[in-house]
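Have a look at the structure below, then the notes.
Going in written order, the chains are labelled A, B, C, D, E and F, and every chain counts its residues from 1.
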Amino acid sequence: MNDSVMMAELTWPEFKARVDEGAVVFLPLGATEQHGPHMALNVDVVLPTGVCERVARNVGGLVAPCVPYGYKSQPRSGGGEAFPGTISLDANTFSLVVRDVVRGLGHKGVRKLVLVIGHFENAWPAVEGLDLGLRELRRDGISDVQAMRLEYWDFVRRATLDRLFPDGFPGTELEHASLLETSLMLLLRPDLVDMAKVPDDGPAKFPTFDRWPVPEGFVPASGVLARAEKATAEKGEWLMADHVALITEAVKAEFKL
Amino acid sequence: MNDSVMMAELTWPEFKARVDEGAVVFLPLGATEQHGPHMALNVDVVLPTGVCERVARNVGGLVAPCVPYGYKSQPRSGGGEAFPGTISLDANTFSLVVRDVVRGLGHKGVRKLVLVIGHFENAWPAVEGLDLGLRELRRDGISDVQAMRLEYWDFVRRATLDRLFPDGFPGTELEHASLLETSLMLLLRPDLVDMAKVPDDGPAKFPTFDRWPVPEGFVPASGVLARAEKATAEKGEWLMADHVALITEAVKAEFKL
Amino acid sequence: MNDSVMMAELTWPEFKARVDEGAVVFLPLGATEQHGPHMALNVDVVLPTGVCERVARNVGGLVAPCVPYGYKSQPRSGGGEAFPGTISLDANTFSLVVRDVVRGLGHKGVRKLVLVIGHFENAWPAVEGLDLGLRELRRDGISDVQAMRLEYWDFVRRATLDRLFPDGFPGTELEHASLLETSLMLLLRPDLVDMAKVPDDGPAKFPTFDRWPVPEGFVPASGVLARAEKATAEKGEWLMADHVALITEAVKAEFKL
Amino acid sequence: MNDSVMMAELTWPEFKARVDEGAVVFLPLGATEQHGPHMALNVDVVLPTGVCERVARNVGGLVAPCVPYGYKSQPRSGGGEAFPGTISLDANTFSLVVRDVVRGLGHKGVRKLVLVIGHFENAWPAVEGLDLGLRELRRDGISDVQAMRLEYWDFVRRATLDRLFPDGFPGTELEHASLLETSLMLLLRPDLVDMAKVPDDGPAKFPTFDRWPVPEGFVPASGVLARAEKATAEKGEWLMADHVALITEAVKAEFKL
Amino acid sequence: MNDSVMMAELTWPEFKARVDEGAVVFLPLGATEQHGPHMALNVDVVLPTGVCERVARNVGGLVAPCVPYGYKSQPRSGGGEAFPGTISLDANTFSLVVRDVVRGLGHKGVRKLVLVIGHFENAWPAVEGLDLGLRELRRDGISDVQAMRLEYWDFVRRATLDRLFPDGFPGTELEHASLLETSLMLLLRPDLVDMAKVPDDGPAKFPTFDRWPVPEGFVPASGVLARAEKATAEKGEWLMADHVALITEAVKAEFKL
Amino acid sequence: MNDSVMMAELTWPEFKARVDEGAVVFLPLGATEQHGPHMALNVDVVLPTGVCERVARNVGGLVAPCVPYGYKSQPRSGGGEAFPGTISLDANTFSLVVRDVVRGLGHKGVRKLVLVIGHFENAWPAVEGLDLGLRELRRDGISDVQAMRLEYWDFVRRATLDRLFPDGFPGTELEHASLLETSLMLLLRPDLVDMAKVPDDGPAKFPTFDRWPVPEGFVPASGVLARAEKATAEKGEWLMADHVALITEAVKAEFKL
């Protein structure tokens, strides 16, 4: 039997067998978004998919196809919509996609579902999509779906952050295209990282508000919000180890696996 | 410089450079849908992406990330929504995704766009999404986007069909998960095909109407609508050669490349 | 008692009595669309309504009011939106109309429903509207509605096509405003046909793709996609006889009348 | 040349010629709604279409196809949604239909438009649809469309009402399926009226509020809100004469014809 | 215990206790709309909230927060959207707000609900919102919500109108920003009325149709549709007494309190 | 002249005069949400409105009516939708309200706009609503609107937090109905706070993920996420002073006042 955890790589009888056994389904929610001059546009697809794949292996789960277009990039967390290559969905569109996929999975017998945010801006429209999907499922007579929603980067040990940022962790929002994401990409897709192109125009200094239109110079010209030059694949391994171990633990605990 | 044609694998400055040069962008529109007991659920993602990649190389184009969830599978063309593993979007959701991606590409300077249908049922909601996207672009002052929309399987020579179907071609609709798709998968992702599991309960005999609810036995239990047992990677090569050559030719002619 | 099969011509107690008896309701889905310089804009209303009326008489059914505005005309099947007189709905609008009418009929006790496509482009948004309507009905506790969806022109015998096209049938898509539709209009509303104005700029030669914007000369200037000059009312009778007989037969078989 | 004022009965070149000459287009907005045990469900289609046709002849205008499904019937003005045969649209659906038709007419060159309400409940969603349609047209660069929106029954002389209701006019809302509508139907479609079935359970006595769910006995069981037994075709002629004369006058004045 | 009838001023346990006791909830639906040069933009918030508060005290009910943005002002009833300060919602937006609030209240146990229109134009989108909310509640298994919808100004005795308008009552529509509303504001918020600025350019003389674009001079330049100079707080008291007494009586009768 | 900064308390000529002078408009976005057993449901309306009013006075601005229903309360930031009294809007509904109000203000000449979040969960749908509103305004030819979006609680000096939380600040998310909000309410509406009812079941200990359905005990039964017993009006004054001073400063700087 096919032992892939990628749902897309199963035949339908294989998918059915896994779901009948109670497989947890992970839905990574990504984006096509600038990640600096040194990384490809698919960082927010590669990373959550990679995390999901490893956790799914740990818990006998499946990874549904990653949604590759996300909610609009915001200047303070992703550089904003003005960058070339950032192609985004309206919030309603994104939420409807999540709603429909959640509804579809529920109709196919999935009862344990984990939405894994791979793009900061997806968090809220994903909440709404999940809420709408579960609401529709209840109206269709399916009321026993259990779900989690998480950002993978929140699953990291304090000690790891201390090793990674000896001078103090600047916080996840500024980490766009910076040390954490770059390290994980060096681990998973080093062919899509060019460390020679890591910029040095960060870190961004953002005010405590959003601004329309985005003022000249509000965002570093490179699109990198903090600093990435110290990224290494080894650091990516530290991070990935934490993400996978802690998410695995949480999923097992919540779903009593 | 990165020579990938996959947009997702470019950095934003690379994407910008290609678009500034006038690159054609191909948007494959796929699905997560049963394709018989012998093929994975991602056939409608793998095949149009594979075609797009080859054509993009021929014309100096780019391939945008494939939309991996499609419009609802219909019994007479894809077996229908009842099969395990088929996870689909409402028509409005799908059209809004296409609208938003088209609008986003247009705002980023793309002026030559090709929507490549990889899942029969996507054809119409893709038309609507493209129409809505172009309408919004015009309202945003961008009225010079040129677009094509095509089903890749329509680009095949008569002679090739005759070689493939010495007893006569049954038509594209019945070809779901059958000889054509299986041959192309054997070419592109043989690891996702198990010829030992090709069923023999087809071909389907459909009436000239749709039916709700879908009657017992309306669709072959395997989900394969015609016959797949004669599929080979070589036949996949014949098909791919036609698809790539003819689409390349059409794109060059239409966009005067 | 009023013996009209047109639902709109019944009083509400008459409608109720018919539905209580289990009447099949036919919903024709039309358009207001150019049909060449020789026919009126209402061809796609007159023809499906005429077919429905005759079939309804055969099966003790009713014909709901035809939706007179359809989904957007496409260049390769209806000449496209650029023609004067073609007034169309967005896909979502059209699907919502179908959804609401289906839901309304279901709430009024209709349990056998046939959607009859009178305009090629309506086919897919009608599928979606029907799917949405049945979904809502199930959520309202009504899960025993049976439905069919069909294009009336698919119900024709091979022998009839051979009589009509001694040189070979070019296929239904090109038949827009051509021999078939013109013959049927000559049968039903000869006052709305002027054979002296039948153009001779067809048949269209379409590529296997759609194109935005529609290139100059893509569509015959007349809006007639094939040829109409050999249309006669007698041929319309042959066609109507087939449409009515075969649809009657299918409806009786499916709904066990 | 075809001298019909019904847009649906014109060829596209005829439609174009009329619009090029500046024809006013009338869009009747109807319903499929119970009108008592003595009249057919299509009263709200027949009457506004009949009025539009006559006014269009007076002003060289055209009548677009009547929208045959209206906004939900309300108990105090149409008996409510509970009656058999009343099949209605959600407000948003109805407004989108109006929006799309208005937008389509504007794109085809129509610059003088009259929405004629034939069903009381359509008034507000028609306002919204017209507003949305004109807003979209402005965004498409078309800002010179002039429009009127009217209920045809408001165009009646005081003297006529006095003749019709020697004991005092009860007001238009209660007139559902009553003397006015019945008289006009006797004029236009006497075959769809059965005066022998005129009920005598009215007039309704409504409170000054709406009530959900509709209480038992809130609406006369017949669905006739006032009294219809004195309806005659002659009275229908008086009414029609007023409607046509006064609307013609208003349209000519507003559009400076 | 907190004895406020304003729901917003209760803690959640207090709200729960009231709802558990069967409290009627009143939802005022207001607007931010011009009301002449002599009154503030919040007339349609202040008045229905004031009426609701008094009725709620009479019946042991609660007043939910007033929706302060209403459906688009119409020239013939509110002066229209062109006036400074009039900020309105699309019909669909307004109906969705009502739907969501109704659904939320139903989910929280409210079973007796009164929508109180404080802005003429809200009437219809409120009907739709209530209908959609109740539909969703039924799909969520809650089918015993009872509701009323009313315009507070309809609850006035004939004798009071005769006292107020010795020369005859011109009808509620023209009363925008005129004697009735001004008198009630003088009663409730005299600080927001400046009788010295009451204009004398009314009353408006409206035709029996709407007109787009609104012609020059169609609406009095002041935005006051009738006359307000005779408004007094005492007259406001007469009106308020009627509104409160008659609505109280109706609510008690309908909900059997 | 009326010197209120509350837009709703101005007449339309007063509103126009202020806008003509370039007034900044503040739009508070609130909620009707449980805030523990010791505070009323309107905390998220009272606080942002109070902040806006003071800032508006500083900058010659106006405060638009607060939207009193917010996006769905989340367990980890507001206790969640299960609490009595929490009445929320779907994300799309909330965004459409913001879109329509932003569009309306833009059409009325407002060119400097500040959205002030008073309810954590509103932040993202407000971003979307603002983005949609500005997009529509651009399509309407208005492209010079400048906007800010902020959460008022982010505008506080480090020193103030240190005074308020000598043992360390737990972060804004947990502050729901806790020391900060309670102190501000004691300042602005002490009548709506009952310190005797401050619960002691917090602080909540939340995991780094969301969970559906919300597990038993996930949220403190009181709905207070941290601790409120040390709240005082004096602390509310410290906070308010910071909020007003820092927001005033930011607004002046951004809009060059």
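One rule holds in what follows: contacts are C-beta pairs under 8 Å (C-beta built on N, C-alpha and C of every residue); 3 or more make two chains touch, one makes a residue touch a chain.
Only a predicted model underlies this, so the values are computations on that prediction, with no experimental measurement involved.
**Q** For subunit A superposed on subunit E via Cα atoms, how large is the rotation, as a multiple of 5°?
**A** 120
**Q** Would you kindly say which chain has the C-alpha centre located farthest from the C-alpha centre of subunit C?
**A** Farthest by centroid: F.
**Q** By CA centroid distance, what chain is farthest from subunit B?
**A** The most remote chain is E.
**Q** Taking contacts as defined above, which has more of them, B-F or C-D?
**A** Here the pair linked by more C-beta pairs in contact is C-D.
**Q** In whole angstrom, how far does the Cα centroid of subunit B sit from the Cα centroid of subunit C?
**A** 29
**Q** How far is the middle of subunit B from the middle of subunit D, if each middle is the mean of its Cα atoms, in Å?
**A** 47
**Q** Give me the residues of subunit A that touch two or more other chains.
**A** 90, 92, 139
**Q** Mind giving me all the chain pairs that touch?
**A** So, checking each combination of chains, I get A-B, A-C, A-E, A-F, B-C, B-D, B-F, C-D, C-E, D-E, D-F, E-F as the touching pairs.
**Q** Give every residue of subunit C touching subunit A within the complex, in rising order.
**A** For this pair, the touching residues of subunit C are 138-139.
**Q** Within the complex, which stretch of subunit E touches subunit F?
**A** 2, 7-13, 15-16, 19, 32, 34-42, 45, 64-69, 83-90, 92-93, 96-97, 99-101, 104-105, 108-109, 192, 194, 197, 223
**Q** Mind pulling up the subunit C residues that touch subunit E in the complex?
**A** The contact residues of subunit C facing subunit E are 139-140.
**Q** Which part of subunit B faces subunit C closely enough to touch in the complex?
**A** Those in contact with subunit C are residues 72, 74, 90-92, 95, 123-125, 127-128, 130-132, 134, 145-151, 154-155, 207-213, 250, 254.
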